[in-house]
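Presented sequentially are two complexes of chain A, the first with chain B as partner and the second with chain C.
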Partner chain A sequence: MSDVIYCEGLKKTYKNVEALKDLSLSIGENKMIGLIGRNGAGKTTFLKTCAGYIRPTSGEISVLGGKPFDNLDVLSNIIFIDEEIQYNTSMRLGEIFRLGAIYYKNWDDAFAKKLLRYFSLDVKQKYKKLSRGMKTQFNMIVGLSSRAPLTLMDEPTLGLDVAVRKEFYQIILKDYMENPRTFILSSHLMSELENMLEEMILIHEGKVVFQKSIEELQSYAVLLNGKQEVLKPFLENKKVLNTETFGNSIIAGIVNDLSEKDTLFLENNNVDISKVKIEDIYIWLTKNGKGGGFDEFEG
Partner chain B sequence: MRIEQDSIKPIYVQIAEGIEDDILKGVLEEDEQAYSQYQISKQFNVNPATAAKGINVLVAEGILYKKRGLGMHVAQNARVKIEGKRKKNFFSGMLKELMSEARKLNINKEELKKMIDDFKGGDENE
Partner chain C sequence: MNSKDNRQRALKGYVSSSLMGLKQSYILVTFVLLGLFAAYCIVNVILALCGAMSNSSGGALLVGFGVAAIFAVVTVLMMSAGKGKRAAFIFPIDRKTFAIGSFIMFILNSAFILLLSAVFYLGEVIVYKILGLIFDNIMYINNVTFESYITGFWVSLFYILFVAAITFFLSILFSRFKFPAVIIVSLAIGLPFIFPFGREAYYKFLMFFIGEQSLVLICLKLLICSMLLQFISYLPLKKMEVIE
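What follows is the complex of A and B.
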């Protein structure tokens, strides 16, 4: 098997809203992938389409070698976890585990119970009685215990405090190493988990803006900070992603194609060169209109 | 060994340098076992492919080697190799940084030389 997910010109339209427009990508086997995008960018629609919850309006999608919508063979190998999961109101956690074991081929019940104990939950508890954070924890436990070859998690850490989030990142990573499979995690806290990932995909307005390795993204751009008179002419020949002025200085994010000569010039002119976080690249690439932020908004 | 999120250095380079530092400091001894991909990945929450890349850089340079069935080990002459490499980098990298900061502070070369001569801290770290 080459690609776990393959999409070509995928479209999904709700009434008159185009959630996905011409989305194309492919995702290789056993990768840990991050999915980012602004609210309403199409992330959840994309994940739900992969999970077979949504039938695309047009375009091609193949997941684990088949069309996911209404396809039980494919679906028993995919799990989709989000905060909206609904179970029958009287269901106890242990009963949900039993369903998981029926539904998912690779379900690991011992692992599920171990995680349950670790997070101080009990098989006898009712799902609907859990707090929001506990529900999130439980959903994650189900997601991991399914050991589904394609595990999709939409905002898996919503409502969890930072200590529990970190524990989960460690658990996911450890389990991924012991049982390699394909993960797609969407999160608004991507900087917390970016080093766990192999690739990141940015979706904006229903399309893929980029799909790159973390390593590539972490060195994709640099931040220059120096005097306007030095930087202004220098930036003319550069791909500038963002500029801010601060007194007499410019702080500019540019695509990192600095030659040795450039670097030397910048250093000789007291221009600081520093790292750009992936988060910032993402904000710059998806900013609306002028990108002046709140200042411009106020004006 | 540690990883700086704000460093401009790629994570895999930081991993390789972290292992080198531990060899220089004697935390890892020559001919003894080094960290595995799994250990690094778990300790620093990095993707196993990233950890492997950091290790492989050192394997390619002959600083680490894989002992059959026993995992990664530190090569016998690892220290010397690292020292040689670092010395080269010292001139191109650290010295450049030093000069750049000196320029900002209007310290000229003569003054800088004098500072180095007068520098008393024979301590390893500073």
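What follows is the complex of A and C.
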């Protein structure tokens, strides 16, 4: 299977700020990928580099077999949807659809209009007159209807209420099943997206922290809950992601490398072992020493 | 991947989106010309009523040329400004498509206004004919023939194209290199005026165009210079990033 995106040592510097630092990854064909990371982690810069908006400072990037910057053959197969999209103010939704049909060879006009009707929008409406949520809905419709082999969505559900978000997740998933292509969704609402994604990439401070399948991530860490005198010595040899103490008890999130012997020991000492939410793993891995919260922050 | 097909789709898309985006500007400029035309007619009726003799030889065409030149400059600034570029690059186009598509738009915009002026010119002729039937003191001298109109149309079109290409070049230069570009361009334009050879160079430059007797040659000179300017504008565009 060929890589849709391949990066090696990718760097992007804005004046004195390093947005991407030595970023390396590869993404295979027809996958639904989640891109996570804190604000300013480099997610948008990475997506914009893939979409050919910006030029990497150094390193290698190949998207659909070519460099994306100013490469029409690559760009014709990519759609990048973000909240900053500003179509010409005088354009109507129907006109934007007409343009979509010109630019994208796989544009599905029937699907676009069906979605428009479903979300109670009208082709005669002007884009600038739409509310923020309606703009987000419309941008998503354009993104899906383009049927671009690589669909990049940066915070695609921003401004949508939970009901519309869930409807969109279902639509994306159904469309993805019927028309497989590569989706990269960047979002802070990972718990909502978790069930539809195949892989997650965590970017932190311009670097890839991990790229794992959802199954791998779900078993990546475990939560231990037990007495301090039992757990403290046990944790000395483990990779601890997070700890919280409550009186004599301790709750610790650790990387799941428990052997049978470890599990037996924990069970015999009444230590509760439970699953960890992916969102928590993401928070622990990117906490920058501030994981204890504002009360423990001494900065 | 079919490069030719991608290029054609991108170019068609860019020109279509520019035309759709400028729809309101076209309506506005039509109303401006209509307003000017109405004012022109009213003035002539008043003059005729006051007993003054009035004549004209294609005033609407002159006004149309002026409006087309202003419209060309404004639309070029809209297209090459940050917002215009961001709107263009939402869709899959490359910098070459942007430069070529903009050039096509310069021609289409100018041709639209010039053809619109031609319609108003016909209106002007009709109004004068009617006024001539009503008022005895109206004398309409029409020097414009079909041949002279066609010649004027092409020369005007290429002049406006040249103005649009200069505006695009300066706009791209300023948006790409900001303050240093302003200083360099200001110095390049201003300094030669201090020296006699500089003034002479400017004079020769002007005469290169307006001093040309052959209409075909002047059109050719303007077209080639416009294309050259557009190519030079493309060079700083090549590395331009689309940053919000």
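Here, the second predicted complex is superposed on the first by the 295 of 299 C-alpha atoms of A that agree within 3 Å, B and C clash if a C-alpha of one lies under 4 Å from a C-alpha of the other, contacts with A are read in each partner's own complex, and residues count from 1 in each chain.
The rule is simple: contacts are C-beta pairs under 8 Å (C-beta built on N, C-alpha and C of every residue); 3 or more make two chains touch, one makes a residue touch a chain.
In this text, all values refer to a predicted model and were calculated from it rather than measured experimentally.
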Touched partner set for A:170, first chain B, second chain C, both or neither: first
Contacts of A:8 with chain B and chain C, given as first, second, both or neither: neither
Touched partner set for A:270, first chain B, second chain C, both or neither: first
Contacts of A:229 with chain B and chain C, given as first, second, both or neither: neither
Partner chain(s) touched by A:195 [first = chain B, second = chain C, both, neither]: first
First (chain B), second (chain C), both or neither touched by A:102: second
Chain B versus chain C as contact partner of A:257, first or second or both or neither: neither
Residue ranges of chain A touching chain C (in the complex, touch as defined): 48, 53-55, 70-73, 75-79, 84-88, 90-91, 95, 98-100, 102-105
Chain B residues touching chain A - in the complex, by the definition given at the top: 3, 5-8, 10-12, 38, 41-42, 44-50, 53, 96, 100, 103-104
Footprint of chain B on chain A - complex, ascending: 32, 166, 169-170, 173-174, 176-177, 191, 193, 195-198, 214-215, 218-219, 222, 267-268, 270, 273-275
Chain A contact footprint on chain C (complex, rising order): 1, 3, 5-7, 9-10, 12-13, 16-17, 20-21, 23-24, 83, 86-87, 89-97, 238-239, 241-244
